[in-house]
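Order as written gives the chain letters A, B and C; numbering starts at 1 within each chain.
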Amino acid sequence: MVTCLGDVFYPEVGEKIVRLLRGLGVTVEFPAGQTCCGLPLFNSGYHAAAAAVARRTIGLFRDAEQVVVPSGSCAWMVKHEYPGLMTDPADRTAAERLAGRTHELSQFLVRRLGRRRFRSAVGGRLTYHDSCHLLRGLHESESPRALLRDLSGSQFVELPGSDECCGFGGSFAVRLPEVSTAILDKKLASVEATGADAVVACDAGCLMQMRGGLSRRGSRVRALHLAEVLAPEETPR
Amino acid sequence: MSESEPATPFRERAGQALRDSFLQEALTIATTKFIGLRREAFDEFPEGEALRDRAREIKEATLQRLDHYLDRLIDNVERRGGHVHYATTSEEARGIVLDIARRTGARTAVKSKSMATEEIHLNDALEAAGVTPIETDLGEYIIQLAHERPSHIIAPAIHKTKGQVAELFARELKRETVADPEVLTRIAREELREKFLQADLGISGANFGVADTGTIVLVTNEGNGRMVTSLPRVHVAVMGVEKVIPSMTDLAVFLAILAKSATGQKLSVYTSLVDGPRRGGELEGPEEFHLVLLDNGRIRQIAGPLREALSCLRCGACLNVCPVYRQIGGHAYGYTYPGPIGILLTAMLNGTESVKDLAHASSLCGACLEACPVRIDIPRMLIELRKDVSERRIAPWSERVVFGALGRLLQHPALYRVAARLARLVQRPFVRGDVIRRVPLVFSDWTRTRDLPPIAARTFQERWAELERAGRR
Amino acid sequence: MTSRAEFFDRIRAEMGRTRELAPMAPSVRPARPRERLDVLRRELSERWRENLQRFQHEFERVGGVFHRVPDVREASEAVARIASERGVRRVVAWHAGALGLDVVAPLTTRGFEAVAAPDAEVAGNERERRRALAAAADLGVTGADLAVAETGSLVVVSGAGRPRSASLLPACHVAVFDREVLVESLVQAGLVLEAWHDGTAPPWRGASINVITGPSRTADIELTLTRGVHGPREVHAVFVEQGLALRRV
């Protein structure tokens, strides 16, 4: 599942994930016609539309063995909210099946494939921001850290307040832009204080927010998706 | 409608708060401190997690038989000589208290900290009726002198500097003083000691009402709760109906987690159990005890979408961790109860309409749910409120158009692709290198402070055909 | 004005509209709390030394001052010492029958103005006078009906001869207690509270129970901790090894 932000703004992240997974011997398929998991509609209270998008998405992935998602928020939407949005019992069963087969990227690599050691694609010092949905929705804070700590060719440093929101929150970022920016400024100050060369995250929303702020203030610190940091194996094992 | 809508829009109030540099600093220091204290307290309390689950269960169990437990509470309070009153609205609650004050000839009333009495705007009503209300919790005393409302559920004067407090005391109390918290505390102690000893009426809230025994429980740190419930001749406790709990055994569960969640203390300094009026030959204690049971929108939520919010212990933990509250403080919310739970309580008291903007004052990060001692799923209920707003069509017309379009787009891949291509065209004049620095209209609110990535020259879906071929090789 | 019946009609109507929920249960109450408490006390009497140690640790952590004395005579000495160290002049105390010792005589001998609470109901103007005495006092001496080791808390129950003001109005509060009142945890304190409310209370029992955990405090001004806001600035706990003979709650 490439996600709407991933498809439209960060296609290179999607490409890197495909290469990464192929390097690990995984056969990657991509059901055509994906749009979005529906989270923006859901979070703003447009649940009928969200349910329609969800139903469509469930249908698209009907034949998938496992579904890998580059964003914790989208994975959360599928795993936690899809079943509840379905009123029809058959739809609900299909939603639950999909939920059981869906994984955020770092969870897929570490927990399903058991892979933690990768070469770093970037080098330097890396720090990690816990995206809210991945951390609190999917209870995942270990897998990304395991990957980042075990990277050869870069060092990992913990980010104080890593569990604090970056201020994206979807439409929140444009409904209350001043508050969203104030929260972001706080986050970026922490990031810069670590002396890291890049902050890594597992969510396109967080990346859009942090990258947007870092770029605006002319910072040398980069905001990278996890997939941009893990170098793919050249040949499958 | 219990509270009237604030005059300025929320976004503007939030903006003002963001520009207040002292408030910003105070909020950062206070919330960071509370977060740390809470974390330390629970780190050394491994039973804490299980107790939080227990606490939630007890609250839910109580709601499931609310009539039974309230019945028992009332019977026991009356058996001990207390009087129970029933207030459906704020207005009624005010009327009941004024009536008691009038009947007992009270001229001054000392109050210990009570969000319930804030909620019903009791002080204004007392003053209008010629009864002088005196707040005795130091933070509340300060804001009362300043003619302000509390900005945090448990630290009401968090937004004031010691210099401001000193000036306030000098002006309102006509006392020369210095900006030293010790000295200022001493002044407050002296001023208020006299008031406690002379007051005719003591007004408190109640953290818990124990059904089994008819006991009202007050949790405080300063001692004013004890004063208010022991020295004046008449004591009135205003208690939301949801504060009832079944037994003393249950009380121990809540006491184990309440202060830890609020301030990191194992227990607050004074946990006061009030078993009705003075008796047994004791020297102090009120001759009359009144319990005012308050509905004010709570009862409707028993079967409502905000039912879970009835479990709230008013500890303030969610305020301290909320990224929005931490930036804007309590006053910006504009109603009695600020912060994450405050949005839900405001909806409970004043209806969904009152929170059509506030329901979006959240990035849905979930820190509140994580911190809540009774595990209230605040983010879920915020989304429910947003859903209510969208279904009732109270959101602004422009928003409904945008989301309507988005909904259609996301259900039709062909439309989605067209939209992406259009956007790619339209963005061209705004792209500088690999970022967009300014766009008009919809996303201008983003680009004022942040760069935007441009829409990719080829989306992932447009690249897939190649990627797929590469994979087969 | 809403009547009790109208109020409950609304509550029951709303309860009736609730969708099906997984049933939940509150805490299991002990069926015979007083018996359970007797059993608990016997068990605790074997662990009193560790519990006292824990109590002292937690009590000091919240700013209390702990003293340990062998007997009631030394207990009075300790009170007198605390009083003179703090330049105290006036002392109010619980009645000797509630304390298990007489502090008034030893304190008076040493030149303090000491008054104990009466053991029974007195008239309104006498109560007023006593209240003024307590408000003017520098030190209050009380017993403790429970000492909770987990939190370092002292629990005082009001009643005849055990006024609330003694632990509230003077700037210094001294509580005298023995091993009988030690409990380990809040859970056990919950059992005690159940037992105390089980059945009819004795006629001299008052209407107030206070769990006191350290001196009065606030951090309302710039989060700076200050002590002695409305309640006492200092709390002392004097443990009497030999035990105290007093009328227990």
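Simple rule for what comes next: contacts are C-beta pairs under 8 Å (C-beta built on N, C-alpha and C of every residue); 3 or more make two chains touch, one makes a residue touch a chain.
All values derive from a computational prediction rather than experimental measurement.
S.K.: If you take the chains that touch chain A and keep only those that also touch chain B, what is left?
M.R.: Both chain A and chain B are touched by no common chain, going by the contact rule given at the top.
S.K.: Need the most distant chain from chain C, centre defined as the mean of C-alpha atoms.
M.R.: It is A.
S.K.: How many angstrom between the C-alpha centroids of chain C and chain B?
M.R.: Spacing between the chain centres: roughly 31 Å.
S.K.: Measuring from the mean C-alpha position of chain A to the mean C-alpha position of chain C, what distance in angstrom results?
M.R.: Inter-chain centre distance comes to 55 Å.
S.K.: Any chance you could list the residues of chain A touching two or more other chains?
M.R.: Residues: none.
S.K.: Contact residues on chain B for chain A in the complex?
M.R.: Touching chain A from chain B are residues 11, 14-15, 18, 323-324, 327-328, 360-367, 369-370, 383, 385-391, 403-404, 406-407, 409-413, 416, 420, 435, 437, 442-443, 445-446, 448-456, 458-464, 467-468, 471.
S.K.: If you look only at chain A, which of its residues touch chain B in the complex?
M.R.: Within the complex, chain A touches chain B at residues 2, 4, 6-12, 14-15, 18, 22, 27-28, 30, 32-36, 38, 40-47, 49, 52-53, 56, 132-133, 135-137, 163-165, 167-184, 186, 208-209, 211-213, 215-216.
S.K.: Provide the residue numbers of chain C that touch chain B in the complex, in ascending order.
M.R.: So the residues of chain C touching chain B come out as 1-4, 6-8, 10-12, 14-19, 21, 23-30, 58, 62, 117-122, 127, 130-131, 135, 150-153, 158-165, 168, 186-187, 189-191, 193-194, 197, 201-224, 226, 228-232.
S.K.: Could you list, by residue number, the parts of chain B that touch chain C in their complex?
M.R.: 26, 29-30, 33, 54, 57-58, 60-62, 64, 66-67, 70-71, 74, 80, 84-88, 92, 95-96, 136-139, 142, 155-158, 160-162, 165, 181-182, 184-186, 188-189, 192-193, 196-197, 212-213, 215, 221-224, 226-227, 229-231, 241, 245-253, 255-256, 263, 265-285, 289, 293, 295, 299-300, 302-304, 307
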